[in-house]
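The same chain A turns up in both complexes below, where it pairs with chain B and then with chain C.
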Partner chain A sequence: MRQPYDLSRRGFLISGTAAATLGALQAPVLAQEKVFRLGALNSITGIGGPYGPYMLEAIKIAVNEVNEAGGAAGRKFQLFAEDDQTKPEAAVLAVKKLVEINKVEAVVGIWPSSVGLATMPITNDANVITMNTCGAPEMLTENKKGLAWMFQASNAIFGNAFAEVARQRGFKRPAVMAFNNSTFVGQANYFKNAWESGGGKVEAFVIYEPNQSSYRTELARVLATKPDVISLSAYRPDATIILKEWFQTGQDCKFIMPGWTANEDLVKALGKEATEGLISISNVAADKHEAYKRFAAAFRKVAKREPDIFAAQSYDMVITLALALEAAGPQADVAGVNGKIRSVTGVGGTRVNGFAEGRDLLRKGEKVDYEGASSRLDFGKHGETVPDFGVSDIRDGKLVLKETIPGKLPA
Partner chain B sequence: MDLISIANAVINGVVIGMLLALPALAITLVFGIARFPNAATGDYMTLGAYTTMASQLVLGGSIVAAVLAAMTATAAISLLMYFWVFRALSERSHVSRLIASIGVAFAVRSTITFFAGQDQYVIDVPLVRAWNFGGLRILPTDLYIVGAALTALFVVFFIMYLTPTGRRMRAIADSAELAAASGIRARRVMIFLWTIAGAFCGLGGALLGIKAVVLPELGWELLMPMFAGVILGGIGSPVGAVLGIVTFSIAQEVASLYVGPAYKIVLAFFILLVVLLLRPQGMLGRPIAAR
Partner chain C sequence: MEGYFIAIAISVLVYLLMASGLALQYGFTGLVNFGHVGFFAIGSYASALLALKGVPVPVSLAAAALLAALAAYPIGIIALRLGGDYLAIVTLGFSEAVRMTLQTEEWLTRGMHGLPGIPRLFAGWVEPRYIDLCILLLLVVVCVAVFFAIHQIIKSPFGRVIEAIRDNEVAVRALGKNPAQFKTRSLMIGAGIAGLAGGLQAHYLTFISPEQYVPLITFYIWIAIVLGGVGSLRGVVMGTVLLVGFLEGSRFLRDIFTGISEVQLASVRIWIIGMALICVVLYRPQGLFGKSAERKH
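Presenting the complex of A and B:
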């Protein structure tokens, strides 16, 4: 049999020498300026496609902000970006590449819990900090080394908030529909638990498979129980199809949905009529914070749209990391940087809205409290944020904030 | 489960099945004549959905014009890929063509996302309520979809079984050497084949885009069920492909009434398994003896 390509000893020597020369050339550059090697693992393709690319943009904006200010503790951020395809298998390969080949010290921008849970053993073993937007309750128990930071509220908290809103609004017959992944199944389960512990009954509980072209049969199963409200834990693509199909049935019913799905983008996809009266629950956007205003302005320039909550969280990840690095000093190792994350975001310090401002205070030896673009960022004991929730209704195609309820961990 | 729910699930299965019958037919024709499973079929559908959306933006309003434009564009790309990739590989083993088709799939999808990005799009069709016949729900949009699919299927079966071109296609499918020996020009048949395959995938994708949302993975995700449907019906049998994919879709929808929706694909594959155990050649396939 003919060899498909020439794998001779000479060829090996030539390529080997070339590779070694390249390596030797790179080394002095690194030695001159100590950089902080930052990995971005985003869901660029797959179901995360509507969110991941913007998260990467947000990370780049933050990295530029830090580098233009001269870096943190004298170290500039060097970014290595990978796509996890919103799939844990692809994510494991990508994170291995980031950790073993790029030698990153932190991985930011992890979006789905499936990826967060799959990559955490690897990053934990390699002592790498991870910052994510994962909401699966298991993230908290798996965070054994304290290296993972959850910038999005856990779905235990979300599920509880959904149930509380349903009760406050006087609904009697709720049903649950959820996308089959660890995030949304968690949300659905906590909704059910919270509702039933308050003495009610959930009429229908349907977990559906993603990536379908129609969810009519699943929807029919839920609607057959005549619910007055459906807790719909969905992403935008599947929510678009489900709500379209629900509207077509003509059956009267309300929906409670997470804010990253029920927003103006969904209105754009479905029209005003089909989205009228949707109840949207999200972390209270920190749109009053200076950090958000500045980030949003920079984001609009690149992306030509308003940032969503995940983009804001991704921006906060890098800024938080940079402030922790500054606080830990130029000689600090990963554990040292990790140890400072709580202190630069926790209560008690001077409130700051951006990297340069925080760095200047830290250099004077003062304590700072970074007020993020996504939330006020106070981390709980498992590395989770517990933000307040905003309850909005979609009225005539616009989100109208109705009330704010304090986020609390389930008992 | 009451009868109404089952009937609704069956209706839904028929609609999805008819829609997927178009690309499934393309798969089976390409398999029969060009002799390889074309993994780019799914992404040709995606292309159809995106070009529908794009031509609606450019041409404005009319959905029919947009769908026709999408069919033309997809057929053109399909022909281009034939001349550029598959023709050169026609003497190679079917495995190399299969691998090349996976490459074509990635190339098509990446080109789409390069221009359109990863975010979802919707094809602008007015939302209408379903007609309700005592619980039996029928969507006007679904009727149009089934109508369009049936018309397209009718046209291709008419060509296949009642015209000289169709006869030549079937002759090549039976035996390429014998067909060549009796003076049939393979080139013309190939051009016709790839045009039809492209147009059908384009139409299927456009209809799917109207029904669901337009995403970069729209077609690729459906490749498995489509291949399964083709195998169920009998590989290489055009009528079988249509019957197979409709059966497969109905099985999935009805199954989700009984088992959790998470398992509906499992049950559909179970039906595939049972059919293949009883009839290894598929529902309408011919048994192939080893020569």
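Presenting the complex of A and C:
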């Protein structure tokens, strides 16, 4: 059963492939010199798809910044990027490739805790530094060699901050709605614990399944308890639907949401009316720090949009690593570099906002404290960051910073 | 270096085990099972949970296979009296129900937090650096055994009946055989093999979470056996090796063509698989290594 085909279509395919190949071959090839082999393991496809590609973009911006400044301790970064498909088993293979074939000395940009937990045994065995945005508390206990660095506040810290804000704002009847994944369920549980240990009661606690076209049932269950505030742990796609459906009910209620969801993009999707008065919580730093401003400008140029918190964290990972490498010197091994991460971000040094600035001070023998684009980056004893949180209200479509609260682990 | 290839080989063999189960169900019995990953998930969680409770790993693996096979029994009872398309819907629903259960029953499965720290196979028996190699060897042994068993099954009278069911169920009925019973057994055997594959993967990865058991896995297996050729064990092997080999091998494309970004490659990869599938169906509907449509015997 032969299928007819016409030659022009085939010709098109061949010439198209040839053109694509030629284009690909024109890429620059790194000159032979002593390099630091850096792996980027991002969630390009899968659930992390909305964030992973931008994290990789941010990593590239940082790598360029370091390389253009002449490298760290004379070593330029050579980047190897892999997609973990937001899946642990794909991540295991990807990280094995990075470690065994590309011989990377550090892996940055790991997004979900599932990938972080699945790859940690491998990177630990191979003595590779990892930097991630994972929020699962198990990350801290599994970080047995101290090679993993968590750039995102853990769920516990986030949940606590949400409860703290609800209390400070004088809410009495909170309810919880959360997207069903490890990060958000953790956040929701810590909110509940923190609130109830303060002597209150959470009116409704609903975990919803993602990828639905409507969340009316879940929303109705929450709204039936007449809450005065809902802690909504959500990503933008589901938050958009939930808030639209809530707005249609006309019931009076406030929302506390994470900053990577409640922002100007959400206003764009929903309009000013439905988003008026939303409370948005994110790591402070961001727009106040010099590092953020510079990074955001570079990011806008490539990505044509504002960076989200994960992109800022990914940028910080590379800069932190570069400063640690500079501090450790050209002969240092992975353990030596890892040992310097705390010292280039910790308190006591001169505050710096970028790689070149920090490197110059380090060369003079001074101590530096990198104030990142995502937070002030002071690492706790398990490699976790405890950022301060900025509490903003959305007023007339704009985020207005109201107060800052210190992040802290639950008692 | 070799560690990475061992990892790929392990991945191929786990998929191969799953594919062999589906080959028995679809290739030889004609059961359209769209919920294969459900049995895989049951095996993974059963083995992981038992091992975490202190049950020796070999025992927990056996239990995983058994449990997955038992889970297929009720589906057989309910669904096999229905025609092919209905079975597809029921099994797809089943695998999603399994995933939802794993997500929501936190007291048992820790829900979306997943299960970290699952005991590794051979941990404590051999030196850590040889563990992956031992897992690989074990998988080779298991795969060979399973393929031999399936080969024997197909050649047995039971095998002839299930092939007859696939080709013409009415005729089988007319001969006084009860197709439902044979189909249930075939479904259970295939599910048991998937359960075993799940258990082995759990003890290799040491971390599992419900997000791993999405229908995409089922369809990867389907792509593998359709590419290779259904109804042929050689086709199943080649299809799986080609698919997983390509999924992994395409990572190296970028080391050769450095201009392709990871973002583009992720899409290109899926595009190529889609195109390959369409081309195979158009030009070689029996699969790359399948028997031709006009069956000889």
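Going forward, the second predicted complex is superposed on the first by the 378 of 411 C-alpha atoms of A that agree within 3 Å, B and C clash if a C-alpha of one lies under 4 Å from a C-alpha of the other, contacts with A are read in each partner's own complex, and residues count from 1 in each chain.
One rule holds in what follows: contacts are C-beta pairs under 8 Å (C-beta built on N, C-alpha and C of every residue); 3 or more make two chains touch, one makes a residue touch a chain.
Keep in mind the model is a prediction, meaning the values are calculated, not measured.
Student: Given the superposition on chain A, are chain B and chain C in a clash or a fit?
Tutor: By the criteria stated at the top, chain C and chain B clash after superposition.
Student: After superposition on the shared chain, which partner residues are touched by A:303: those of chain B (first), chain C (second), both, or neither?
Tutor: So A:303 meets neither chain B nor chain C here.
Student: Let me test your reading of the model: by the given contact rule, A:35 touches which partner, first (chain B), second (chain C), both or neither?
Tutor: neither
Student: Regarding the shared-chain residue A:56, is it in contact with chain B (first), chain C (second), both, or neither?
Tutor: Touch partner of A:56: chain C, not chain B.
Student: So which one touches more of the residues on chain A, chain B or chain C?
Tutor: Result: the larger residue contact count on chain A belongs to C.
Student: Quick check on the superposed pair: does A:180 touch chain B, chain C, both, or neither? Answer first, second, both or neither.
Tutor: A:180: touches chain B and chain C.
Student: Is A:253 touching anything from chain B or chain C once the two structures are fitted on A? First, second, both or neither.
Tutor: After superposition on chain A, A:253 lies in contact with neither partner.
Student: Does chain B (first) or chain C (second) touch A:44, or do both, or does neither?
Tutor: Both chain B and chain C are touched by A:44.
Student: Let me test your reading of the model: by the given contact rule, A:206 touches which partner, first (chain B), second (chain C), both or neither?
Tutor: first
Student: Does the superposition put A:273 against chain B (first), chain C (second), both, or neither?
Tutor: first
Student: Quick one: is A:356 in contact with chain B, with chain C, with both, or with neither? Answer first, second, both or neither.
Tutor: In the superposed model, A:356 contacts neither chain B nor chain C.
Student: For the combined three-chain arrangement, which segment of chain C clashes with chain B: 26-34, 62-70, 80-88 or 116-124?
Tutor: In the superposed model, chain C runs into chain B at 80-88.
Student: Please write out, lowest number first, the residues of chain A touched by both chain B and chain C across the two complexes.
Tutor: Touching chain B and chain C on chain A: residues 44-45, 53, 180, 207, 209.
Student: Which residues of chain B touch chain A in their complex?
Tutor: On the chain B side, the touching residues are 5, 8-9, 12, 15-16, 19, 113, 117-120, 122, 127-130, 132, 137, 139, 141, 208, 211-213, 215-218, 221-222, 253, 256-257, 260-262, 264-265.
Student: Contact residues on chain A for chain C in the complex?
Tutor: Contact set of chain A toward chain C: 3, 21, 23-29, 40, 42, 44-45, 47, 53, 56, 81-83, 85-89, 92-94, 96-97, 99-101, 113-114, 117-118, 121, 125, 136, 138, 142, 180-182, 185-186, 207, 209.
Student: Report the residues of chain C in contact with chain A in the complex, numbered from low to high.
Tutor: Contacts found on chain C: 1-4, 7-8, 11, 100, 103-104, 111-114, 116-117, 128, 201, 205-209, 211-212, 248, 251, 254, 257-263, 265-267, 270, 282-283.
Student: In their shared complex, at which residues does chain A touch chain B?
Tutor: 44-46, 49-50, 52-53, 180, 206-209, 211-214, 216-218, 220-221, 224, 236-237, 240-241, 244, 247-250, 269-271, 273-274
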